[in-house]
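Here is the structure we will look at, set down as structure tokens.
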Amino acid sequence: MNKSQIETLLQQVQTGAMSVDEAVGQLKSMPYEDLGDAKIDNHRTLRCGFSEVVYCPGKTPAQITRIVVELVRHNHPVMLTKADENAFAAALEGAPTAIYHAVGRLVVIPAPDPPVSVGNVVVISAGTTDMPIAEEAAVTAETMGAKVTRVYDVGVAGAHRLFAHLDILNKAQVIVAVAGMEGALPSLVGGLAACPVIAVPTSVGYGASFGGVTALLGMLTSCAPGVSVVNIDNGFGAGYIAATINKQANQ
Amino acid sequence: MNKSQIETLLQQVQTGAMSVDEAVGQLKSMPYEDLGDAKIDNHRTLRCGFSEVVYCPGKTPAQITRIVVELVRHNHPVMLTKADENAFAAALEGAPTAIYHAVGRLVVIPAPDPPVSVGNVVVISAGTTDMPIAEEAAVTAETMGAKVTRVYDVGVAGAHRLFAHLDILNKAQVIVAVAGMEGALPSLVGGLAACPVIAVPTSVGYGASFGGVTALLGMLTSCAPGVSVVNIDNGFGAGYIAATINKQANQ
Amino acid sequence: MNKSQIETLLQQVQTGAMSVDEAVGQLKSMPYEDLGDAKIDNHRTLRCGFSEVVYCPGKTPAQITRIVVELVRHNHPVMLTKADENAFAAALEGAPTAIYHAVGRLVVIPAPDPPVSVGNVVVISAGTTDMPIAEEAAVTAETMGAKVTRVYDVGVAGAHRLFAHLDILNKAQVIVAVAGMEGALPSLVGGLAACPVIAVPTSVGYGASFGGVTALLGMLTSCAPGVSVVNIDNGFGAGYIAATINKQANQ
Amino acid sequence: MNKSQIETLLQQVQTGAMSVDEAVGQLKSMPYEDLGDAKIDNHRTLRCGFSEVVYCPGKTPAQITRIVVELVRHNHPVMLTKADENAFAAALEGAPTAIYHAVGRLVVIPAPDPPVSVGNVVVISAGTTDMPIAEEAAVTAETMGAKVTRVYDVGVAGAHRLFAHLDILNKAQVIVAVAGMEGALPSLVGGLAACPVIAVPTSVGYGASFGGVTALLGMLTSCAPGVSVVNIDNGFGAGYIAATINKQANQ
Amino acid sequence: MNKSQIETLLQQVQTGAMSVDEAVGQLKSMPYEDLGDAKIDNHRTLRCGFSEVVYCPGKTPAQITRIVVELVRHNHPVMLTKADENAFAAALEGAPTAIYHAVGRLVVIPAPDPPVSVGNVVVISAGTTDMPIAEEAAVTAETMGAKVTRVYDVGVAGAHRLFAHLDILNKAQVIVAVAGMEGALPSLVGGLAACPVIAVPTSVGYGASFGGVTALLGMLTSCAPGVSVVNIDNGFGAGYIAATINKQANQ
Amino acid sequence: MNKSQIETLLQQVQTGAMSVDEAVGQLKSMPYEDLGDAKIDNHRTLRCGFSEVVYCPGKTPAQITRIVVELVRHNHPVMLTKADENAFAAALEGAPTAIYHAVGRLVVIPAPDPPVSVGNVVVISAGTTDMPIAEEAAVTAETMGAKVTRVYDVGVAGAHRLFAHLDILNKAQVIVAVAGMEGALPSLVGGLAACPVIAVPTSVGYGASFGGVTALLGMLTSCAPGVSVVNIDNGFGAGYIAATINKQANQ
Amino acid sequence: MNKSQIETLLQQVQTGAMSVDEAVGQLKSMPYEDLGDAKIDNHRTLRCGFSEVVYCPGKTPAQITRIVVELVRHNHPVMLTKADENAFAAALEGAPTAIYHAVGRLVVIPAPDPPVSVGNVVVISAGTTDMPIAEEAAVTAETMGAKVTRVYDVGVAGAHRLFAHLDILNKAQVIVAVAGMEGALPSLVGGLAACPVIAVPTSVGYGASFGGVTALLGMLTSCAPGVSVVNIDNGFGAGYIAATINKQANQ
Amino acid sequence: MNKSQIETLLQQVQTGAMSVDEAVGQLKSMPYEDLGDAKIDNHRTLRCGFSEVVYCPGKTPAQITRIVVELVRHNHPVMLTKADENAFAAALEGAPTAIYHAVGRLVVIPAPDPPVSVGNVVVISAGTTDMPIAEEAAVTAETMGAKVTRVYDVGVAGAHRLFAHLDILNKAQVIVAVAGMEGALPSLVGGLAACPVIAVPTSVGYGASFGGVTALLGMLTSCAPGVSVVNIDNGFGAGYIAATINKQANQ
């Protein structure tokens, strides 16, 4: 029930077409969010548009197809994360315009009128094995309307490689820093850059890496301010946040 | 060695006042950061200005006084975190303009020309015992030039209290959500708001709260996109990030 | 040895048909529980009836068939949990009336005289991937005689979906709340409902979800009173408890 | 804004005393919970009545007095948990009828018209050092209107002590089982009793007890169905749930 | 109700002095353990005699005095573990013959007729800081009737010290091996000795010792067969087990 | 170099057939263990006899065959643990008398003159899925010369089943108690029996069982004295220790 | 940009062939490391030579071939760790001189002019299942120019085996000690040897071994000074460090 | 029994002054280490000289005085770690030449003839609060004869500070890198330096620092080869290892 529906209801009460009791009954159960003002509507566009992301593991191809069909009806861009070839096939069945980003394991079904790319999100990663998560972040941000610059394979153990890209860091409006192992890259980047840094720990590593926990803890205790952290391997989340910040900075 | 010093050196080489060998020797040892362009300078202003934050635990009053004296010389605002009364006294000795925010345990020494407050950072907390960390975030953001709206004591177990403040959430440019126990507030807020949410787990709780670990894990695995997380009780870090995002959105 | 058997024995002693020594010997080894009064008998009916649940993983089809044959002889309902197709086939061999609930991975062999459904157990879940555990709880409660209302896919990140079902929560006599990830749903439900809430963490999630541990910890530290918790993915246990509470409330 | 207020508003619209636009504006911001029907009211009575429990650690005496004064105005019973002598003194200042249960560290301010005690909640504990938590549960349940039977010091290592109280267990409508160390008591009780068992792990123990974690894990993995668990040392939570179940069973 | 009491009851039934109904009533509630045969009696002598050990932390002096008075009435030896000076004073009040073993923090109240010492329990410890736990084990075993040989300060980092005592290890009937830090002593001892080794991890150490967890894990994963483990700092438990094994080997 | 070799050397020195320098050289490098007296020899017979147990995972069939061939040469019994069918086949190739205990996953190659069975080791387990580990313990003890009594499927949730076997527990000289889940069985057994109890946690369970960690912790913190613990799933270790204790008690 | 390139640039400035502005621009972005003096060059030879090690898991054969081709161009030795047969095949395609060390799962492509072997690195391991990691360390050290002595299968549970090799330990310049399970070998070795000991925990073991964590913690808390530790299963890292220390000691 | 004592014994056998039997008896029990050749002697000098380090926590002043008196008799340098003022006073009583290094909390009693300082150990630390552990390492290495260069307060968040000291790193023969929080310094240093790096995690930090565990894990999973790790806050161990490596490199 949106604003105009409430107006209609109230006009019916005003005109006597609806009793007060009936109106009370309907108002009590109206979805709260439908009371939202324009700001909330903007919000919903954003939230529904981009949060309707489908996490594929554990879903059958049939479920994926059905969800995709339902979502594309609303003319929103749709993203499927951690998608394998089967998930892509299922998505294609529901939406022929679906595109598969194999490295980042993302399926994207662009909106009919995609946003114009703005700003500058830098996605930086420590090792080649971190690339799938970095790509997940980069493609997510691009799908949400951000220009993205990729700087891959610039780990801490060869810090000169990072320093060779200082210009890029300095021009970023938000940085997504992706690293496994000891996860020190965001600390180094956070010490060099003035913009917000979204740190993504990856499950890359062995032994005391504990599937990304060590990187996660290292990022949380970073001595560089300006670094916030998302879940292990959550490239999508980091790209989403980066795109949101980037959008605000370019309005 | 900054840009103008390099220019001087090169001019000396150009005029023959310095030999090539001598110039090579000087260039090899020049501090890297001093090559920075204007962007880096901006960066340094920001970083040195706000990152020169003093974490008080484990420092003696004498050390604190000495550090404060050194920092205020650069006309930067200075912040001391997790500061008790003794730390405040030591700061006062070094800077008579020091102000003590007792709840947030912050000492602030404003810059001579503080920034004009802009934007809208909303700091929201779940329980009254989370207030010290929430205040640490709020005062930090204010010191860095952000307008801050506080919404305290709106925990998940009484969700109606949160919903009564939807307007405030909708007007935020960035939200800092502070919670202990199960740490569910950022998930709820992240599902309602369109802007970035910085989640701060607090060490409030007992038993299986594990000193904030449960809240931390809950925030990291939030099913709401747009939520990134800082360390347990790191109100300063969250306020810093929020102010940075807020600043970008209001340039 | 039940009460009447003890009476018989004592009468034999009384009549001299049994010596004191022989009676001492028999009494020493009598199973303790067989001394139970009517309440204990009721108890045993309940306990044996519903606790004779077979946890399938690690059991061979032959073992399952044999156990099923033995259990159905006592005219009790029998449940097999975490059952795959093979376990169902094995159960069918032992009991042709066995029914397979594929989503909840439960095999149910109804008692000859199933209980009349009473009361109102609400099973609510956060995400679609939590559905198998939610169904395990729901079918368990139904098998034990409870009316069950299902409310699925109402996670915290879209709290309005939950609020649209407030009526259902208010009519519940006991609620089973199932969630993975950060596991915040029971906190939210516990803050809205007046009846007991049984929280079930699921292993849904990745990274810092740690196979359900984060959801478990979040539920244990819930700031909403009225929430108690069962093991990760233990839909059966939650359904069992809910049915027990529901039965008491409808006697 | 409650139901009658909505009716008034709608009548004003009906009569033309209020324009549709103005009504829309007021409805948009009405607190959601005030739309509640009678059931919700019941719910609020219960929730506000008993959930307005004050967790004392970290609160100053002045804060405690202020909160107590505010709460007793609503004629609800008030409870303060983990309260020391100072907290009691602060409560007394706000409410002269406050009573201190020293073992359970609870302050209770009874409602003017306390509920008549009904039903049968059995609180059972394993060791003498578990008694403070057991008492916290027992007094909580009593304050909420439950008759309570205490069975203390019946640990697993001397199971005969437990078996001597089988009659009591059989008559319970809900059992709160409190134990530290390995926390096996709820498993044993759950195997003997037909009613719901609320298990409370305590932080009693040393070494591999890990402050109650071992007891907590043991209770969560109990092989006895019918056992649900609350946080370590959360006697209040267990008493609250027990009282809620007990109330339903005696309506 | 012991065996002779049952006989009396049955004779009363036999002679008609007690009705069958009354006898049923009495038998239903008789403590199970009182049905025990001679073996169980032996068991009880042992168990009650030595298991009536009082863990002091968390008990008030008054409680300790009262417990001691009650226990010494049964002519059993009594032990108080983790006892400080206050606990000793409280014990003295209840039993003037109480002895304080300050290093092992044990109070012992010998039985009127202490057992003759037999066998050979060797207690071996790695470092001087492990001595309190080693003494707790040694005194416990002595109190329970074992001859004890102490070999202290023979850690793994100076293995030659251990090898100098091979003769003692070879003559042991059971060895208690006490170590903190990495806890490697039991592995080394277990590889050298033919008798059972009871390993006791201590909380000695810092950093990655985690309060004894590392020693505990090391002992549990010992590559030497013949090693079983008790809780961190549980010298009493190890001494108890060692005395039990030693007693069996010398019957 | 054994005792007689040292005598020969010394006699050569005495007669001048060997210089002092040469003797010093030989003595410096003599294997320490070869100085052992008769006790050490007994020890070695025991240790080599029973500790030459082959842990199969990670070994190739060829390696297993080679090891078996080498071990059977010394006329010792040989055991292979965690052995699958392939390991058995490899063992058969090296020793035609090898026997496969499929449930316990043990291959046993008896010594030419196996020991006469003595004593009484009781192996008790909580659930049917614990049986493989219980059998591993039972067969190990039997191979080492112990009479073994098996009592399976007597978990804590149905304590009456355990009480029906009290006679067996009372006659045991050592008990191996095997349990997964919450691992409460050893506590219960330890409270009933007077002999040493070796507790074996199993990896049976799910969720908060954490692959046996919960059972392990529960056993370590058992409130019953007399319980010591071995590694998760280490049936062999428990059987080995039980046989050693049993042997001492029957010498 | 290396030293000669800087000289060229400066000469161009000197001769006027390049403007000061242009030179500033080029110097600002020059890779820092290319300013290195002879020491840095040595360093780079070492670091690039040996640190260009390829961790194979997660890389496709095509990626491996491409990386190998690129690396061998620089005439450096190349190592591939955790390499299976497929990785070896891929390496062979890029470098026909590649050698496969199957046990240590290392592929080595020697430099055209391999270093002359010097010094004495001793690699010692506890069990046969630790051999792959021990070999990884040994081959790594050999590839980097160290003479290596292997002492395998000398675990703590049979300490005499270790003592028989004391001569070898005494002649070592650095020792790599490899062990799983409780990981006590480095403690024992560190107490006997005067040279640095690099400890490598392996993931060998089960249950409370936690995939090498127990060995890791045991090594970190070793009571023997002189022991430092690398990650679980990181034989390469240990061999690398050992070779570096060995090289310094033989310059 | 050292080499000359063995010679005496053998000469007594040679001359008939001692019987063969008596000699066998004495040789069997001689301390193994006394058979050591020159290398072992060197080893003992080193080990006894430097490993006779006294860890003060948990020792009484009287114990410390007694130990110091005993150790200084052997003309070895003595070190007391984690020593407070009381420990220093106790040491002074036993050795008037004792010196107190207050920051590093070390008491040093120099040998009568201290070694000449050689080589170059660089101790580098991340933050000012890491200084006590850094000093513990530096003073330890100096006491053992190493020249030490200190580079403090060069954390990762301001990497330019580290780069300003590249010359120092390049001249080091071994580096001790000390850091708390995320512990990234050793990774950065390890990527820049060619010599071995000993990483010391400190307990500096809060929240997810977990008392140094995060730094420890980060260092163990460092992507830079050449880094090995010691226990949290183990500055002594790192200094000891660094001095040993430094000594080898300067022989």
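Chains: A, B, C, D, E, F, G and H, in written order; residue numbering restarts at 1 for each.
Convention: a contact is a pair of C-beta atoms (placed from the backbone, for glycine too) under 8 Å apart; a residue touches a chain by one contact, two chains touch by 3 or more.
Given the structure is predicted, the values throughout are model-derived calculations rather than measurements.
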Same-site or different-site touching of chain F by its copy chain G, using the half cut: different
Chain located farthest away, centre of chain G as origin (C-alpha): D
Option reproducing the contacts of C-D, where over half of them reappear, out of C-E, F-G or E-F: E-F
Mean-CA-position distance for chain H and chain A (Å): 50
Mean-CA-position distance for chain G and chain A (Å): 39
Centre-of-Cα separation between chain E and chain A, whole angstrom: 60
Residues of chain H whose C-beta touches two or more other chains: 32, 36-37, 51, 157, 163, 191-192, 207-209, 213, 216, 220-221, 224-225, 231
Complete list of chain pairs which touch one another: A-B, A-C, A-D, A-G, A-H, B-C, B-D, B-G, B-H, C-D, C-E, C-F, D-E, D-F, E-F, E-G, E-H, F-G, F-H, G-H
Chain H-facing residues of chain B, complex: 29, 31-33, 51, 55, 57-59, 63, 201, 203, 211-213, 216, 231-234
List of chain A residues in touch with chain B within their complex: 32, 36-37, 39-40, 42-43, 46-47, 50-51, 53, 163, 166-167, 170-171, 173-174, 191-196, 198, 216, 220-221, 224-231, 236-238, 240-241, 244-245, 248-249, 251
Contact set on chain E toward chain G in their complex: 126-127, 155-159, 181-184, 187-188, 190-192, 205, 207-210, 213-215, 217-225
Footprint of chain A on chain C - complex, ascending: 128-129, 157, 160, 163-164, 167, 204, 206-209
Residue ranges of chain A touching chain D (in the complex, touch as defined): 3, 6-7, 10-11, 13-14, 16, 20, 23-24, 27-28, 32, 35, 37
